[in-house]
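Each of the next two complexes has subunit A plus one other chain: subunit B in the first, subunit C in the second.
Moving on to the complex of A and B:
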C-alpha cells in the first residue's frame, strides 16, 4: 500500500510540474498563441486516442467510427452552451461542465447502441458496423435543423483553454489507468486475449464489449465538447471517416494496448504536420513516409502493450528498490472474495445429464446421454475420435444448447444458461487446445478467473474505493496461494505463453480452479505430454480432488491416466454411451475393445496399470 | 549423401537460445525420431528445416542442396512436406478440399483419386465426413486430416510433429502402422513424438534432445532399452 501511495505522489507531482511549466510558458508568452493552440489540440487528441485504445487496443475490436462520437459530443456541448448563454443568460464558463458532461453522455448512449450489434458480431464485421455508424452520425447531423445542417454551427463561446484541457486530459488518463487495473479492465483485456476462454472463466463477453464501447464513446464525446469550445465553429464534415482513421493511426502507432504509447503518438502526430509546414506541398508525403517507416521498424507501435512508469524510473534513479527489497513487509490479514457454498445433497449427483442430445443440421452429434457425477469423484469420458466427447463438454458449459434432454447441476437445470453464468454456478473447464490469456502474466491469468467471485463496481475500481482495495488484496493473496499449491509461484510474473507446454496446461487447470468450481471438466489434459509429464499430471489431478473438493470429469486418450485415476468411466461412440463402469470392467468390455481400445490392455503395458486409487 | 543434413543449427527466439549447435542426418529410406521433453526444441528443429523460423547460423541441406535461404512453400515442391503440430487444417474448406490442397504442388493429377482412396483407406472416418467443413471436425479427426493432407503431397521426406496427439488408442496404433507403411513405400520420415515408446519401436535411429542440445543418439532399438532413456522419457 505504501508503495502505491508513493507512486501516486510521484505521478501527481510530475503532472503538476508539467502543468506549471507549460502554463507559465504560455502565460509569459514564451509559447505563443499558435503553439498554445497546438498544445490544446494535442490534449484533445490524447483523450480521443486513449479512449479509442480502450476498444481497439484493450478490447481488441477494430473501431472505425470514433470521430462520430466526438461529433456527437461537439454538437451537443456546443448547442447547450449556446442555448444556455443566449436564452438563459448564463455565464459561458459556468455552462462548460454541463455541456461537456451532456456531450459525453449522449455520445455514450450512441456508443451503447453500437455496442449492441457486438452481441453477435466481431472482428471485420464489427469494424464495418462502426464505420457505417460513424457515417450515419455524420449524415444525420448534416441534415438536422438543430445542428445547423451542412454549414454546422458557429459562434460557440470559445471558453476552452489550456488549463481546462490539461486537467480533463489528465483525469481521462487516470481513469483509463485505474480502470485498466481493476477487475473490469482485466475482463476487457482477457476478451482480447481469448474470448472463448474469457467466457469460460465467468466473463460476460457481450456485457464488457458494450461497456468498453460506451466508455470510449463517453470520453470521445467529452473531447468533442472541448473541441467545440476551442474552435468555436463546427461542422459535421470535420468528423468524417478520415478523422476516425487519424485517431486509429495514433492508436496503432503508439501501440495497441499502451496508454502511454497513445499519449506519445497523439503528441507526435499532432505536432508533426505543424512542424513540417515549411515543406509545404511535401508535408503530407513526409508525414506518410514517417508513418510507414515507424510501422516497419516498430510493427507493434512505439510502446507495444508496455507502459512507461515514472515510479519505476524514479526508483531506479534513487535506488529505492534495493531498500524496499531488504525490508520485508508482513502481509495484513485480508478479507477473501466469497467462495460459494454448494449445497450437495447426500447421495445425489452434483452433475447429472438426462437423455441429453444435440443435432447439428442432419448430424446427430449426441443422443440419449445419461451421465452422473458425484461429489469428489474422478470420472473418465472416453471414446473414439469424433464420438462427441467435447460436444458433451460444450453442452455442459452452455457453449452449445442441447436439442434434447436436461442437465442438472446440484438439482437445478442449467440448460439455456449462458457460459459465464454456468461458471458462476460452479462448472469450470479446460480446453483441448490450450486457451490461455497469452500476453497476460501467469498471475493475471488467475486473477481474471476470480472475476465471478468479486463484486466491486467499475466506479469503485476507477476511484480505488475501499471495496476495490479489499477485494484486490484478497485475490492477490488467493491467486498466489493457488500458484504455490501447484509449484508455479516463481512463474507468477512471466507472460503465460512463455511457460513450457506442460506448465501451460497446469496453469489452465489453475485458472479453472480459481473460479471456485464444484465440477471441473478437463478436456484431454495429457495431450502432448510425455509419460513423465503425464505422471506428474496424474498426481496434480489427485491433489486437486483432495484439496479443492470438486468432482472431476475428464476426457483423455491416455489410458494409463484414465485407468490409473478414474473411479468410473463412460464410453461414448457415435454420440451414444456404449459402456460404463470401473476401469476393469471397461478394459474387458468387448465392444469398447473393438471400437476404441484395440486390445484389452488399451495401450497400458502389463504391470503398469494401477487400479483406481479410491479417495487416496 | 544423407537426404537431410543439418549442421551446427542455432535458433533464437528473441533472447532465448532455443537450439544449440544441433547437427543430425536422415538417410534415404530411414525413419528417424527426435524425442525429448516439452520445450526441448523438437518442434523448433522442424520449423527451422521447413523455414518457418529463421536460423541464426548453421546449414541445412536436402539431397545435397542447401535449403537455408529458400522460402517455405518452395520446399514442398522439392519433396519436403510437414504435418504440423496443432492440426493446422484449412478450417473453412471441406475435408475433400483440404486433401486436394495437399496435392497442390503435384503435377501428376491423374493419380489424385488413387491417393484419395489410399488416405480414406487409412482413415475411413475422413471418408464419412468428406463434405464437412474441416473446422467442425473433432480434434482427433483434424489430426487425421492433417496427416492425410501431407500424404497427398507424395513427399520424399515427410516431417511429422506429434501425429498421435489426441488420437484414440486404436488410432495411435493405426497411425504408427501407417507411418511404417508409407516408409516401406519409399518415403523417408522425420518423426517428433511424445509417445517415445511407440516412436522408438518403429524408428531406425533416434536423437534425444534436452534444452536445445542433442544429448544422445543411436539406434532406436538400443535407446529403447537404455536405462537413462527409460527413466527420463518412457516412464518405466
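Moving on to the complex of A and C:
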C-alpha cells in the first residue's frame, strides 16, 4: 500500500471511530447534556486554538486580538440566521452553512483590513496593535444597532450540535495540516525562523503574513458562528481581551507550532475548569499556578513544535516498515521546478552597477560604485571593515534602496524592486552572519528556496490536488540532488542548527543555489572557518561555477581565498572603489596597500600618538 | 468651555495615574523586555494593603503609604525572582504567559482572601476643590498631577545620572556585556522591579483616592491602559510613559464628556493604532532597523 494513502486511511478511520463512539455515547445518554455541551465547546475552542496557532505558532507573530474575529463571525452568523428564519421563513438548519461561511468571510475581511497596516510592525508592537484592534471591534459591536448594542443579540436558533461541530473541527484541522505541509505553509514557517532570510530566498514576507493572518481570522469567524448557534445569545463583552488571552494560553501550553498540541491543550483547558467545579473557589487559583509551573518547567509547551502521528504509532505497532522495505515504488508523474533561462548577451555583463551610491542621513555609505560581473566569472569585493561592502550587497538585493545610480541585471534595471522579486529575477545571496531556518531540516531549508520556481496555489496544497503532488515530488528530487552535489545528503533530515559550522555555511550557499540564480552573492563565506574548512569552501565555489553556470561576486577577508579563486577583484574603501584588476595587480597596487595598512605619510603616527595620550 | 476645561483637568488627573503605573511598566520592559501583565495587580495588592492598614489597623495615611509601597516592592521582587528570572533565556512569549499566570494568581488569591465584593477606600484628604472662574480643580487631582510629574523627573534623573541608573541602562542594552563589565545583573533587575512596584504602590493610593473602591480585579483595566500609554509614548522611555499617560487620560475624558462614554475605549485604542502606524516605536521612540 502506498504510504500516503495508508496514512489517510488510518487517520480517517480514527476520526470516524472517535466520532461514532462519542455520538453513540451522547445519543444513548451515557454522556449527559451538560457534558455533551462541554464537548461541543471543546470543538469550538480547538478551532480557535488551531487557527491562532497559525499566526502565533507558525508565523511567529504574537496576536492578542483573536477573540475579536470570533465575535465578528458570531454576530454575522447569528444575525444572518435570525434574519433568514424570521423574515424569509427559511429552515434554521438550512441557514447554518450560509451563516457560518458568511461569518468566516467577514472575519477574514476584517483580518485582512487589520493585517495590512498592522503587520508592518514587529514583535511586541504588533501584539499591542492586535490587542487594540480586538478591543475596537468589541466597542464598535457594542455600539451598533444591528448587533443589539451592549446587550447583544439573543434567541439565535440553537441549531448547532455535536456532529456539526465535530466535522467542522476535523475539517479545520485537516486544512491546517495540509496547508502546513505545502509550499505556502513552508513559506510561513520560514518567516518565523528568519524573516530576512525568507525574503532573500524569494518569499514575500508581507504577503504571507497577511495570508496567515486572514486565514486564521477566517477560521476564528467560523468558530464564532458555531458558538452563536450553540449558546443562542451573544454579547460583545464575551469576546474581550481576556478571551483572546485564554486562546493564547492554549496555544502556548500546547506548543507553538504544534497542531496536535493545540488540540490537546484546548481539550484539557476547556475540561479542567469543569472538572474542578467542586473546588469552585480554588479552580482559578489552581489554573493560574498550573500555568506558571508549566511555563517554568516546560517553556516550549506540551508538544513543542512536534506533532503526534497516528500513522507512526500504527506502523510501530504493526511493524509495517519491515515489510515496506521490500516493496518497490512505481514511478509517479513529476513536475520539476522552473529552471529559468537567462538571456545572456555575448560580451555584456550579467550584472552591472552604474554610479551606485547610498546616503544614510548625513553619511555617504557608498558612492559612484561601478561594478561589472560577467557570466561564469568569480569576482572578489574586498576592502577594510566598514568600507561598505555589505551595503553594496544590500543594494544589489533590494534590502536598501540606492539613493543614486542604477543596477542592471541582464540589461534590465532592478532598482526599486522588492528583495523577493530580485530573487525571482536571478540574484541570490548568503549572509555574513549565517541565517538559516534553524529548526527546519536541511532538506526543508532547500525546499523553501524553490518557492519562486513553483506554481501550485494554496487551494492545490490544501486539497492535495495532483499539481501539488507533482511539484512536491519534483522539488524533493531536486533538493536531494543538490545536497548530493555538496556531499550533504546524509544530513538531509537533521535540523539545520545541528550541523557543524562549515556545513551550515555550505547549506546557506546550497539554499541560495536552489533559487536557480544567474548571480550568486556570497557575503564572507569563509568567516569563522578553520583553514581546512576554507580550503574545502574554495573547492565548493569552483564546483558551483562549473556546474551551475552562475556569476559569483564574493566579499571576503581571507586573502588566500580571494587571491586563489577570483579572476578579478574590486577594492572598496570609504564607500568608493579605489582599485580593480587581477589578483596580481591588486596585490601590487599602492592604493590598496595604503587602504589596508594605513598611510605611510604620518597618518598612522598621528593615530599612535592619540592612543599614547589615551593610555597616559 | 467650562465643561471642556473641567474634562481636561479630570483627564490630566486620570492620565497622571496611568503615567505613574506606566513608568513601572516601561522600566521593567526596558530592562528585561517583558510585558509584565501582573503590574496592574501589584497596584491592587498595594490598594488592599492600604485599606487593611488604614481601616483595620488604623494607622495614619503616610504610614499606610509607606507600608503599601513596601508590600508592593516585596511582591514585585519576589515575583521576578520566582517566576521571571528562570525564564530569562527562554523565548519571550513564555515569560509573557507566566506574567499572565501571575496576574491571574494575584487576582484569584485576593478574591479568596477578601471576596469579590469591593471595599470602600477611606477618605484621605478633605480639602475643598479650588475654583477658578467656574473651573474647579479638586485637590486630589492637583496632588496627583504634581506627584507624578515630580516622580517622573526624579526617576529620569536617577536613571540618567546615578551609578545604579547607569547599570540599568547598560543591562537593558546588553545583559551579557553588562555582566562582563562587572555589573550585578540580578541585583540591577531586582532594583528595577522594586522601583517600578514602589511607583505602583503610590499609584494605588492616588487611584484609590480618585476612585475610592478596592476590588480584586481593579488592577486589570488601569494596568492595561497604563501599558498602552507606555507603548504610545515609546516603551522603555520614561518621559514617553508620562506623555502617553497624559494623552490617554485626556483623550478618554474628552471623549466621555463630548462624544460618548462607551466610545472612550475605542478612541484610546484608535489613537494608539494611528500613532503606531506612523511612528512604529511610539511617540518618543527611535526606530531600530535590523542589520542585514
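One rule holds in what follows: the second predicted complex is superposed on the first by the 586 of 616 C-alpha atoms of A that agree within 3 Å, B and C clash if a C-alpha of one lies under 4 Å from a C-alpha of the other, contacts with A are read in each partner's own complex, and residues count from 1 in each chain.
The definition used in the following text is that contacts are C-beta pairs under 8 Å (C-beta built on N, C-alpha and C of every residue); 3 or more make two chains touch, one makes a residue touch a chain.
Note that the coordinates shown come from a computational prediction; the quantities given were computed from them, not determined experimentally.
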Q.
Quick check for you: in the superposed arrangement, does A:384 touch first (subunit B), second (subunit C), both or neither?
A. first
Q) Where does A:271 make contact in the superposed view: on subunit B (first), on subunit C (second), on both, or on neither? A) neither
Q: Classify the contacts of A:528 with the two partner chains as first (subunit B alone), second (subunit C alone), both, or neither.
A: first
Q.
Between subunit B and subunit C, whom does A:469 touch in the aligned arrangement: first, second, both, or neither?
A. neither
Q) Which partner does A:92 reach: the first (subunit B), the second (subunit C), both, or neither? A) neither
Q: Could you look at A:136 and tell me whether it touches subunit B, subunit C, both or neither (first, second, both, neither)?
A: second
Q: Give one of first, second, both or neither to describe whether A:344 is in contact with subunit B, with subunit C, with both, or with none.
A: neither
Q: Quick one: name whichever of subunit B and subunit C touches more residues of subunit A.
A: C
Q: Could you tell me if A:105 is touching subunit B, subunit C, both of them or neither one (first, second, both, neither)?
A: neither
(Q) Let me check the overlay on chain A: which residues of subunit A are in contact with subunit B and also with subunit C? (A) 390
Q: Using the touch definition up top, name the residues of subunit B that touch subunit A in the complex.
A: 37-39, 85-87, 125, 129, 136-141, 143-144, 162, 165-173, 194-197, 232-236
Q.
Under the stated contact criterion, what part of subunit A meets subunit C in this complex?
A. 56, 62, 117-118, 120-122, 124-125, 127-129, 131-133, 135-136, 139-140, 142-143, 150, 196, 241, 245, 248-249, 252-253, 256, 281-282, 284-285, 287-289, 291-292, 295-296, 299, 390, 394, 399, 431
**Q.** Parts of subunit C lying in touch with subunit A, wherever the complex brings them together
**A.** 33, 35, 83, 86-87, 90-91, 93-98, 100-105, 107-109, 111-112, 224, 227-228, 231, 235, 260, 262-263, 265-266, 269-270, 272-273, 276-277, 280-281, 290, 292
Q. What does subunit A use to touch subunit B in their complex?
A. 360, 382-390, 432-433, 500-502, 524, 527-535, 557, 559, 595-598, 602-603, 605, 608
